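Note that the chains take the letters A, B, C, D and E in the order they are written out, and that residue 1 is the start of every chain.
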Amino acid sequence: MWTAFFQAADYQAIKPEILLTIFGLGILLLEFLVEKRDRYLNAVAALIGLGFAAYQISWFWTRLAGGAPYVGFDGRFTLDTFALFLKLIIVVATAIVVLLSLKYLEIEDANLGEYYALLLFSSVGMMFLASGTDLIVLFLGLEVMALCEYVLTGFLRGNRRSNEASVKFFLLGAFSSGLLLYGMSLLYGIGGSTKLSVISEELAKRPVSDPLSWVAMITLLAGLFFKVAAVPFHQWTPDAYEGAPTSITAFISVGPKVASFTILLRILFACIRPLAMEWQALMVGVAIATMTLGNLAAITQTNIKRFFGYSTISHVGYLLLGVIAAAGVGAGEATQGQKDGLTAVVIYLLVYAFMNLGAFSVIIMMRRKDLVGDEIDDLSGLMSRAPGHAILMLIFLLSLAGVPLTGGFIGKYFIFLSLIETGHYYLAVLAVAYAVVALYYYFRIVVVMFMKKAADTIPLATGVGLGIALAVTAVFTLVIGIYPEPFIVLATEAVRPFFS
Amino acid sequence: MQLQKIAFFILSVLALGSAILVITRRNAVHSAMWLIATLFSVGGIYLMLRAEFLFAVQIILYVGGIMVLFLFVVMLVNLDVAARQAQFSRQWLLGLVTVAVLAGELVYGLYRGHAALRLAPAGVAAATGGNTEAVGLALYQNYTLPVEIASIMLLVAMVGAVVMAKKKLE
Amino acid sequence: MQFFHDHILSIILFTPLVGMIPLLFIPGENKQAIRWWSNIVMFADFLVSLPLVFWFSNEAPKEQLFEFVERHEWIPSIGAQYHLGIDGISFLLIMLTTVLGFLSVLSSWTAVQDRLKEYYAMFMLLQVGMLGVFMSLDFFLFYVFWEVMLVPMYFIIGVWGGPRKLYAAIKFFLYTLAGSVLMLLGILTLYFRYHSDTGVYTFNLLDLMQHANAWPLHLQFWVFWAFMIGFAIKVPMFPFHTWLPDAHVEAPTAGSVILAGVLLKMGTYGFIRFSLPLLPQASSNPTIVRVMVTLSIIAIIYGALVSLMQRDMKKLIAYSSVSHLGFCTLGIFALNPHGLSGSVIQQINHGISTGGLFLIVGLIYERRHTREIREFGGLSNVMPIYATLFMIIMLSSVGLPLLNGFIGEFTILQGAFEVSWHWAAWAVAGIVLGAAYLLWLYQRTMFGTCDNPKNQVLKDLNWREIMTLVPLIVWAFWIGLYPKPFFRVLDKPVAAIVERLNPNFFNAPVPANAKAAPAPDASRPGVVAAAAHPNAQVPEAAH
Amino acid sequence: MIPPEYYLLLGTGLFTIGVIGVLTRRNVIVILMSIELILNAVNINLVAFSQWFKSVDGQVFAIFVITDAAAEAAVGLGLIIALFRNKETVNADEIDLLKW
Amino acid sequence: MLEHIWLIPLLPATGALIQLLFGRKLKNAAVSVISVGLPGVSFVWAVGCFVELLSRPERTFLKTVYLWLPAGAFHLSNGALAQLNVNVGFQLDPLSAVMMLIVTGVGFLIHIYSIGYMGHEGGYYRFFGYMNLFMFSMLVLVLADNFLMMFAGWEGVGLCSYFLIGFYFQRKSAADAGKKAFIVNRIGDAGFLLGVMLITVTFGTLNFHEVTAMARSGRFAVGDGVITAICILLFVGATGKSAQIPLYIWLPDAMEGPTPVSALIHAATMVTAGVYMVARSNALYVLAPKALLVVAVIGAATAIWAASIGLVQYDIKKVLAYSTVSQLGYMFLACGVGAFAAGIFHVMTHAFFKALLFLGAGSVIHALSGEQDMRKMGGLRHKIPITFATLAVATLAISGIPGLAGFFSKDEVLWKSYSSAYGSPALWAVGWITAGLTAFYMFRLLFLTFWGESRVEHEVEHHIHESPWSMLGPLVVLAALSLFGGYLNWPAETFGRFLEPVFENSLAASAPKYAHSTELGLMALSIVIALVGLGIAYVVYIKRQNLRERLAEEPGTFHRILLNKYYVDELYDALFVNRTKNLGNALAAFDLGVVDGGVNGAGWLTRMSAEVSRLWDTWVIDGIVNVSAMAVKLLSYPARVLQTGLVQSYAWLITLGVLIFMAYYLVHY
């Protein structure tokens, strides 16, 4: 009766989350202790916390890799390689965002401890999301993440855009989580439990045409698609991206994206797997719509943050393709194609995190005192002003476009491969076609940077943090592109849990 | 049993009716009032379902907490202006139709498949002791982790609200 | 020395990259230093590629097609390897690349004045990409180089190009990228198919080749078309050629030289190296051959006709490239030794002649900043040396005997003729027209009275400029007068390809008059290949 | 004993009304209320099921939903106040700075 | 000496190289020494080789220098496997020996002549450079031991003629003429090339002696289709190079070039290449009677056709040009009836007297400081006696006055055309009439130029002068050759016998099957017609001047047609351009000057089609690209429309999404 109560091992398992929470609280206190000019200590603290967490996670990895996952908290919390891998991405991404934020917040004069605290809390939420195997845990994790996002998006309260963005984001988010919850409640009704495993067993017993499970699935998917920003649930993305503080744009374009995909994968493959063929069908439509809209709409953008909003959407489209290829995983022996599909998604997320953050860390330098610098034209002549940054930006853009020797190509490579292996030739051709379109609009920025006259002479807002962030992202983007072997190995290990 | 049914129907009618009023009232304060009514009737439903603890939570937390907050805010933002403006967005008809169609689809779908519509086998009688005790135990035994997370969530909400609402940064 | 011998390919491949690093540290305003350094690096690259000429042997046994092979694991989990190696075909193209690479850099000494560092860096990157394409025996590696090479070219056109550079650059990039991603799908299909047949993931060209005949025809068809589009855009074959004129016209001289001289060859090379050996049934399928040949012939004639019309020298030459490469593809899809070896020779020739022509145009453009033909006339009065060099290169491009062009064209035509005289007949029309447009160009620019005052003051070529052209001319005469070495080098790979396509080719009975035929010396691998078949011994016996 | 379908229907009704509210009302606060309606619908489902299964899971879930509702309300209203501070309005269709 | 036969072409080549590379720096004297000396040496060498050849038992000498084109394995048309190996090799047998001597000898003379003639022209070195280059190519052509190398020479001479015709490239007409020549030749070459390829796949080799051997081995029946095809294709090449119908149009225009060029290339050597080629492949032709017939007919037709045009031309060089065309016709007539020896014989004599004629004409023009119109000449015989004398000899020779070179060769041709197995009275008749026409227009030329009162303009009048000896010397030598050259084959067909080994069984084809009396009769007839022609010319141009004026003033229809060269150029325009209905318009268009030169017909066609294809290129293909780019932009529009910025519309879209999902469910399950 008291068995499930306070097991030391369970708390071992959530150590990273605990650490981060503690650091978050610590920062909130630190806020009152340090002078205004020492505010950078907040960031340092946050980084330390993230460092610990990262260390902890990789330690877990060493213990769990190749072995069975750890299941705790009465089976509501699973620590498997998949969770760990994504947690690691999340933590690293958050750390990079922290590095990005320092200078930016100074310029925006919003260098508050709450900011970092919220970043940490939201990453805590995401990490729970990554390893939750229970509807409630997933839901709560999602909400923690979401609430932080709302607040952070609106963090520059004086700024109307920021504010409007956050309100929109909040209303839609709440609405969508309402849908999500409705779906979850029905799933509970179907399964008689909130544990994914139980639910999927119960689902398997029902006919695929059962309306209840369908309504559940649809509302659930609607909620999830909203989180990952898939068409037609995507519309918050560009607005939120444009309005939010650039550092936060960078954050929500990566962290929550990754987290949302983890929950999506969990629910698809661990919960509503029995309906795989059904949701696959839905998802094909969504994926096509997403890629189309994302790619086409990006072409005409002039605001770079908005532009990246659409580019993110198009990447989501590619990720969904990977999911489509993987559909049906878990039922019996997985085919190579399905495996590659999942690997593709994971690798893609990894690469995406780095290249997108990299791009943003260049964009964020455009924000200088009395210069908003979020128009594409603000990058004009970057090559003549800051060759180094221009070249780095070029690398990131190439990677986003999926040109070989950059990480982006590896991601796309696996996507294409999995599609071909699972016989989705037409999707493959479509994906390839859109890769060309993507190149077209990414190179709009290249053109601006390399072939236009310089727009202004104000030096870029650089800083130590930014430097480190750039270095890290660039290195990873290139390394993954040139020598992807270790990362592929990690990824294959990470998706292993899905193959029973 | 009839009694139960009647009670149920009264409560649901109350809930739905007041809900409709919530979204139709011109004045936000009235909407809030009607929402409270809805919450009460839903609470009644909980009671019927022997979820006394939840009923209590509904009344205390929801009505006593959240709705008060709502009312504060409604008062804060000058409603006389808002109340004089049009209350429905330009796309209200479109929205209405869409939802109607959606609801139609749902009903039709459920009706069509109601033969297959069945839940997992009903469970046996719950653990001894009152509902409150059961819930409490569940919360602190099987659901410790969610409780932890919920605490973080509330913390976040608090910080967030502070950040958003306090007069000026600093 | 041994190390050098074993890793020569890698060394050739990465010399420009290594040379690029110091370049980046030369201060931008020190233009002379940058120029000197870049020229030195490119020349060094040429020098290190030179030993190949002496070390490249045909003595290796027939089944060992590739020499100087280097092979290391790269991405084991997907079976991609760092796998280099060359046979006769790639050997020639590599030499072409190193030579043209150096010459083009040399030619831009004065032509390019702004953003030198980036400019030369781009060229070095480009060099790496091109060499890599010709060297890699691993499909993944090949694709990587193939794509990577686009980026520097994009910048060379887009930054240092003419007025419509942006349009041209993006058009070039999109066209070629669209092609290559389709090609990627093709590659992945083969890769996946091989895996599902053998349970092994590999991009290794040789392994895939071993497996080639096991692929069902429909698969080969699809993959062939995927490849075809990728390569045809690069070549460019009609009707995928429209990026070419724009790219050429807008690109800086050196860019055009490289573009015409090397990049276009990557398409034809792709056909020879991948399409034919990997998809033998498909590529020898009558329908496909008919389509390809038709397109080639259209390209030959169409390109020539359009050239006649051009008012812009560069555009004219660009279209002439379409025509010339039509010959190359025609030769390839004659699918016999003459056609294939002729095609490779012609690729080299085109590199020399058209590269030269672009240099020529560049020289005059540098002086007058226009390429309008009607701006010129009677230049041979003021620039006699220029006129003479122009004449020689023009003639080599026309295909005058005793110059390189003729060798290639004749061999190709011969090859085509052996399949169907119609093809040859049509193609010959192309030759006639070829004479027409180039002579006319020469006449309009060089002959007549030099009445345009702007032209009367033009200076003749200086030594550097002459030096950029002389090597090409020498090479042209070499191929024209003594092409034997080139054919020798090509015999083995060509024979191998032909055998893959038509295993009985060399089993054909030997005619009674074999005695009458001049004795083919036994050292020729082509013959060795033939000798591999028991009943093909006769020619040896013949003498 | 009332079959769960009834509760399901009630829930669906509330849910629908909530959605309508979200789609049609201009006043952001009222939209927020409508969302509360949706959450209540969810809760009804949960509790009904939990009673059917004779397990408290549903109720626990419902509690967390309520918690979430509280959190959302707090943050949301905070945002709304900030919004009102910025542009003196609480109308959804006047939040249109960001588009296209 | 034979061992180093390759020196013969190589020496002029070196000359050319020196001139084109360093000529600019050299003094005229040095230039002359080098590029007249080297051909001289190679002439000497050639003579040496010739003597050595005579001293040998076998009449064929083969010298392989190196393996040129080892193109590799291929399948013969009969499916057998073979290797294609083409050598750089030389073949010296009676046929090539004759040609070699003509080329080097006459060439040498003309070089000497040029020293004087080109003395004060610009680009002296360039001229000699091209001349030497031409010598080289021509020698390669005649000495080659395989078809491909022959083709190399063939192209080379074409190129040189292009440059030499266009030597005065400041004159647009000259440049155009050069281009016209080259391109018309290219058309012929295309045929030649195809022929070569057909030979390859049929015989598996390109060596003359191997092909000949196989052809004579009896593997192929007489009239074999493939062989016929080969012969026709080769002959197409010949028509191009040797200016036969229908490709003769370039030759008259080629007169734009300096006179020595006309003499060397367009009279003595290059234009006879076609004849040489046909003779060289006699073994094939005797297997293809149809082809022979074609050759004969074309030859005869060209002969009379060109002669008739020559009747009325006023430009002295044009007359000679047309006469050349017609003489070439004779040669082909001879080959066509299987009398290759006769053909070659005529090639030789023609080389002598036609070169002489051109050089003489050149001397005249030189004397009149560039005047070419015969209407502005006359009464020159006392002013430039030597030129007159030599020209007279040449005229007598070409018009077949007994005792001179032309008589023997022409008579031989006519007789064979009548008597040989492939011959026929009809062919003879054509040839016979042509002989008359020839006599007429040649004497017309002579009379107009040298008799009558002078019609020379005055400023030219007073500095008429005899040419320097550097020019007269060659004239005299050639005059001597034209006088006595004929006796090589008379009385006892020495020349023919000498050539026998080359033509072996083809002689049988042309063996006379008539009595000796017939031959004498025909001979008499040809003498008569020659005299008749002479007579008419005398009457018209000396006795009854007024008649001539009348003709000149209101020329009769036929006369006008002739004046306009049968409107052939215009016809070609009309055909190719197909933008004019009647010849008059064509003429008008021509006078307006259709943009480029003589092939402007073809030119226009290509330009039109090219224009079309350019449009297609810019509109259709580019269009697709650009339109798709635009479409992308358009498609991105809806996305923008949806993105209203209104939160509720977003929410609505979400609901819509759910609705669609639901609908999908209802439809599919």
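The rule is simple: a contact is a pair of C-beta atoms (placed from the backbone, for glycine too) under 8 Å apart; a residue touches a chain by one contact, two chains touch by 3 or more.
Every value quoted in this text rests on a predicted model; they were computed, and no experiment measured them.
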| item | value |
| --- | --- |
| Groups of chains joined by contact, in the absence of chain A | one piece |
| Graph distance between chain D and chain E, where chains that touch are linked | 1 |
| Closest chain to the centre of mass proxy, which here is the mean CA position | C |
| A-E compared against B-D, more contacting pairs | B-D |
| Furthest chain, CA centroid comparison against chain D | E |
| Centroid spacing, where centroids are CA-atom means, of chain A and chain D in whole angstrom | 26 |
| Inter-chain centre distance, chain A versus chain B - centres from mean C-alpha coordinates, in Å | 31 |
| Centroid spacing, where centroids are CA-atom means, of chain B and chain E in whole angstrom | 103 |
| Separation of chain C from chain E, taking each centre as the mean of its C-alpha atoms, in whole Å | 37 |
| Residues of chain C touching at least two other chains | 174 |
| Multi-chain contact residues (two or more partners), chain E | 640, 643, 645-649, 651-652, 655-656, 658, 662, 665 |
| Multi-partner residues of chain D (each touching 2 or more other chains) | 4, 18-19, 22-24, 31-32, 43, 48-50, 52-53, 55, 57, 60, 64, 68, 71-72, 75, 78-80, 82, 92-93, 95-100 |
| All touching chain pairs, where touch follows the definition stated at the start | A-B, A-C, A-D, A-E, B-D, B-E, C-E, D-E |
| Residues on chain B engaged by chain A in the complex (per definition of touch) | 106, 109-110, 112-114, 116-117, 119-121, 123, 140-146, 148-150, 152-153, 155-157, 159-160, 162-164, 169 |
| Complex contacts: residues of chain E adjacent to chain A | 629, 632-633, 635-637, 639-640, 642-643, 645, 647, 649-651, 653-654, 656-658, 660-662, 664-665, 668-669 |
| Touch list for chain A against partner chain E, complex | 167-168, 171-172, 175-176, 179, 208-209, 211, 214-215, 218-219, 221-222, 225-226, 232-233, 235-236, 238-239, 281-282, 285, 292-293, 296-300, 310, 437, 440 |
| Contacting residues of chain D [partner chain A, same complex] | 4, 8, 11, 15, 18, 22, 28, 31-32, 35, 38-39, 41-43, 45-46, 48-50, 52-53, 55, 57-58, 60-61, 64-65, 68, 71-72, 75-76, 78-80, 82-83, 85-87, 92, 95-100 |
| Residue numbers on chain E that touch chain B, as the complex places them | 646, 648-649, 652, 655-656, 658-659, 662-663, 665-666 |
